[in-house]
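So, here come the structures, one by one.
Shared chain: chain A. Partners: chain B in the first complex, chain C in the second.
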Partner chain A sequence: MPREKAIEAENIAYSYGDTQAVDHISFHVEEGEILGFLGPNGAGKTTTLKMLVGLLTPQEGRISVLGKDIVKEKGEIQARIGVCFEEKSLYEEMSAAANLKFFAALFGVRDLDVAALLERVGLSDARKDRVANYSKGMKQRLMVARALVGRPRVLFLDEPTDGLDPVSSEAIREVILEEKGKGVSVFLTTHDMMEADKLSDRVVFLSEGRIAACDTPENLKHRYGKRVLKVRYHRDGELAEEELHLEDADTGRRVQEIIATRRVLDMHTEEATLEDIFILLTGRGLA
Partner chain B sequence: MRRVLHIVRKDADQYFRNRFVVVISVLSTLVFALIYNLMPSRVDETVKLGLYLRTEEGGGEAAGPEAVRLAESLSQAGEAAQGAEGLQLVWAPSPEELRALVEGEEVSAGIALDLSSPEPKVDLFVTSQAPAEMVGAAEAIAREMAYSLVGYALPADLEATVVGPDMAGRQVPMRDKLRVLLLALVFILELYGLGNLVMDEIQHRTAVALLVTPVTLGDFVAAKALTGVAIAFSQGLLMAFLLGAMSRASWAAIMALLFMGAALMVGVAFIMGAASRNFVHMAMISFIPVMVLLVPGLVVLDPGFSSPLMKAIPTYYLVRPLDGIINYGKGALSYASCLAYLALFAAAFFLLGSLLMKRRLV
Partner chain C sequence: MSARRVLAVMRKCLNPRNPYLFLALLGPFLYVALFQVIFGLFREEPRVAVYEEGEEVVARLLEETEAVEVVPAGSRGEVEKAVEERRADLGVILGADVRERLAAGERAAVSVYIAGESLAKSRAIALAALAGALRSLTPQTPPLAFELVKLGEEKALTLMEMFLPFFAILIIILGAYLLPASFLVSEKEARTLTALLVTPATLAEVLVAFGLVGMIISLAMGAIVLALTVGLDQPLLLSAIFILGSVLGAEWGLLLGMLSRDQATLMAYMKGLNLFLIAPALFVIFPSWPQWIARVFPVYYIANPVFRVCVYGEGWREVWWQVLALGGFAALFFLPLLALAARSQTSADSRLLGAAA
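Our next item is the complex of A and B:
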């Protein structure tokens, strides 16, 4: 049975003067699904996100979130979503707990367990410190925590782990997966293909405001990637490397031959990354 | 409304966390109150009177025996009064020079007596700032002098020629005039605190973070306006109390003016905050406009600087009624048009500031 659509964008477009930032794109996010929105800087990811959360009105097309029209029922939608922008937007003179309490009050949430929420993002020890004294990673974790105070049904995360240390990134990824486990839909914009691969149920490749591909990472890799087996061995006292395509008919025979005649150093399969596929489809990288 | 109040509470908290703004606000209040209390509360009571006397055809000073006696006795009285409070006499060689003395405010009034023709002529010149009592006293002296010299009362009423704009009012000590300027200054200083509040929300993108919650742009603007008016109004009110500007008769009018002034400042602060990148940038771009806003307050101290252009400055409509009500005991009704203009300016600035903010936010 198909799941309900938490987000549905139909033929949406937005331009800044002569620059077409988003060029008539359509996509949807199902309930409890994580959609990775991949693209390089300037591809139109943030403009799309701004339209989805009601900061910009689509110049063309239609957006519905949780079954409501973003233009006509913006207030009702914004009461049920959580947004985490790439740029830090915290009250730096206030503590983490005060920031969360303030936003909870705006959502009308009276019984928020601030300590538990800060614990989830690993900030319980610093909850009384001024946010101005936080590191970049701590601020980002607080931004994610803030996006959760209104108990959202849909989360919008704009580059949530960009430039963060591995510990902070992992903490944020865990929270995202926990929310997905609760049935929360997640719209995740990123140019980190590793992150998109790890987290997303489906990914959208966005390039110059247009969708180049939209599918699960596995399907994309299957369709566009080439699976290879890399073998390194010693030959005449020197290190040699051989790349064998798994789909080729004589790969098995060749592997047996190498093992029988050479001293094998290591052997492993390699898949195409999402970045490889992005480059293949758009002719440009994600950075 | 609940959301607006939550933002107002947060804003007030944030405002008072900004040590620079708090120090400036508290310091300015204390320093202004100190300045006011250190200034003399009484006016200089020495009156300088300019004189010109002509008794014979062909010009010259007092030549007849009566005139000579009068002149001598006046001179002696003038010398005796020199250095002490009271009357000082300054003789002028011609009516033109007497007028120049009055225009240059070297004397408070000038009396030109021309007794050389069968119909004696008396001209009385007064400065624009001479109080009514001064004019009356000068008139009395002129009549007495003319009577002593010609032996009968002057046939016609004596008309005073006012040199410069006629201030026709009571003489107000400088420190009382200063109160209006200090109140204007308090508002101007609040501009920076309020502007900083708006600029901070825009620059740190917290305003955008608010706008993706149930908070609408209207809620955001209303909260900032409420915070701004509350802070500026309470600061103005405190200053008015400290400066002794509130009286039983005028408190309602003063409060209404302070409220309107606070609203005007919020509108200006919206523009300053929305147009600035940081506090220094705000201070730089607002320097000239803020100086212009201060000019009407300075004109209260010296009405000689007054000009029709003053009416184009929004604070004119705040300062003028404040001056009239606080210093001259006039009623608020006589400044109804000022209040209307003030409301119009406040609304225009508020609208412009809100539009600028909206433009910066989305």
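Our next item is the complex of A and C:
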């Protein structure tokens, strides 16, 4: 039985003057699914996110979140989503706890366990410190915690681990996976292909406002990957290397021949990365 | 519109670390205090030290003239000391028989000390006041009768009363106008406005909260400053003027806040606009200037009615049209605010919601 759609975008478009930022794209996110929205800077990821959360009204097309229209029922949608922007947007003169309590008041959440929430993102020891004194990673973790204050059904995360230290990045990834485990849908924009590969159930490749591909990372790798077996061995006292295509009929026989020489150094399949596939499909990198 | 969310945003605004809040709360007091100190140092009434043997009659007569300030002295030596130390411009010693001799129409000797550094104007006023007081003790009728014709305002204004229009505008500027603008621009700079607008809070709720904080502080400061300076004789009428004035101020502050990208832009706008905000007060202070010019400025309809009510005791009957005009301006400026707020809901114009939007 197919899952309900938490987000559904149909043919949405947005332009800034003559620049078409988002060019008639359609996609959906199912309940409890993490959708990685991948693309280089300027691809239209953040504009799409702003349309999805109601900060920008789509100039064309239609968006529904949790079955409600973002234009007509924005208030109801915003009460059930959590958003974490790429750029820091915290009240720096306030403490972490005060930031969360303020947002809880806006969501009408009276029984928020601030200490437990800060514990989840590893900030319980610094909960009374002014946010201005936090490191970049701590601020980002607090932004993620703030996105969870309203107990959202859909999370929108814009480059949540960009430029962070490994500890902070891992803490945020854990939280994302915990939320997914609770059935929360996650719309994750990133240009970090490794992260997208680790977290996403499906990924969308966005380039110049258009969708270049949309599928699971495994399917993309299967479809566009090289599927070669790389073998290194000694031949006549020298190091030799061969790439054998797994689909070729002779590959099995050739592998047996090389193994029979008993001089194999290593042998492994070479999978394409999402970045390789992105470049293959769009002709440009993610940087 | 949720009252709960508006209150939550208002509570957040009352952050003691906000320098503008500090300025709005303390600014009016500082200005009034500074004003009183400055003009207290340059007060114009000449001071006369008086020692009278027997009953103090001349000192009382001098005080009644309100032209001089009487410095009490308990002995001849104290009079001399007061003049030497420049605590008095003039020193007067009246013997016990002076009043009796004057009453009998005889000549009497009065010792007068004049401070060497006193102004000629102060000496002339003090001596004329003394001569008038002493003449009133003689039985003769003066050979000349003066007819007094008052020119200009009937009432002699104190400096605090004269500058009341300036204070009224200042209270609105620092509270209702500056605070909402600074709240909005601070939110844009910190990109927190965008974060607020993806919660159930709407832009209208945020703007109302910012405006209300400014208005409440303006009203409170207005009440306190008026009570401390000229009194609050007609609280309902004054409240109506200050409420409408602070609504207008808040609208301007929010408009300016929406159009300003950052604090530097806001301050540049404010520097340019402040002349237009303060100018009407000058027209009220100097009534000989053509008043029709002042009536073009909306702020005139705050400064003038406050002045007329507090200083001349005028009521609804006299100032109703000015209060109505103020209400009209408040309604008029609501329209561009509404248009700009509606535009910011759907626009990608980064000035309106900050760079993050």
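The definition used in the following text is that the second predicted complex is superposed on the first by the 279 of 287 C-alpha atoms of A that agree within 3 Å, B and C clash if a C-alpha of one lies under 4 Å from a C-alpha of the other, contacts with A are read in each partner's own complex, and residues count from 1 in each chain.
Quick note on the criterion: contacts are C-beta pairs under 8 Å (C-beta built on N, C-alpha and C of every residue); 3 or more make two chains touch, one makes a residue touch a chain.
Here the structure is a predicted model, which means the values were calculated and not measured.
Engineer: For the three-chain model obtained by superposing on chain A, do chain B and chain C clash or fit?
Structural biologist: After superposition on chain A, which the two structures share, chain B runs into chain C.
Engineer: Is A:103 touching anything from chain B or chain C once the two structures are fitted on A? First, second, both or neither.
Structural biologist: In the superposition, A:103 touches chain B and chain C alike.
Engineer: Under the stated touch criterion, which partner chain does A:16 make contact with: chain B (first), chain C (second), both, or neither?
Structural biologist: second
Engineer: May I ask you to decide whether A:238 touches chain B, chain C, both, or neither, giving the answer as first, second, both or neither?
Structural biologist: A:238 contacts neither chain B nor chain C.
Engineer: Just to be sure I read the superposition right, which of the two partners does A:125 touch: chain B = first, chain C = second, or both, or neither?
Structural biologist: A:125 contacts neither chain B nor chain C.
Engineer: Give the stretch of chain C that clashes with chain B in the superposition, choosing among 25-33, 61-69 or 133-141.
Structural biologist: Of the candidate stretches of chain C, chain B runs into 25-33.
Engineer: Could you give the residue numbers on chain A that contact chain B in one complex and chain C in the other?
Structural biologist: Common interface on chain A, chain B vs chain C: 50, 53-56, 75, 78-79, 81, 83, 85, 87-94, 102-103, 105-108, 146, 150.
Engineer: For the complex, give me every residue of chain A touching chain C.
Structural biologist: 14, 16, 50, 53-57, 75, 78-79, 81, 83, 85, 87-94, 102-103, 105-108, 146, 150
Engineer: Can you list the chain B residues touching chain A in their complex?
Structural biologist: It comes out as residues 2-3, 6-7, 10, 13-14, 17-18, 204-206, 208-216, 362.
Engineer: Within the complex, which stretch of chain A touches chain B?
Structural biologist: My answer: residues 50, 53-56, 75, 78-79, 81, 83, 85, 87-94, 102-103, 105-108, 146, 150, 156.
Engineer: Can you list the chain C residues touching chain A in their complex?
Structural biologist: 4-5, 8-9, 11-12, 15, 17, 190-192, 194-202, 345-346, 348, 353, 355-357
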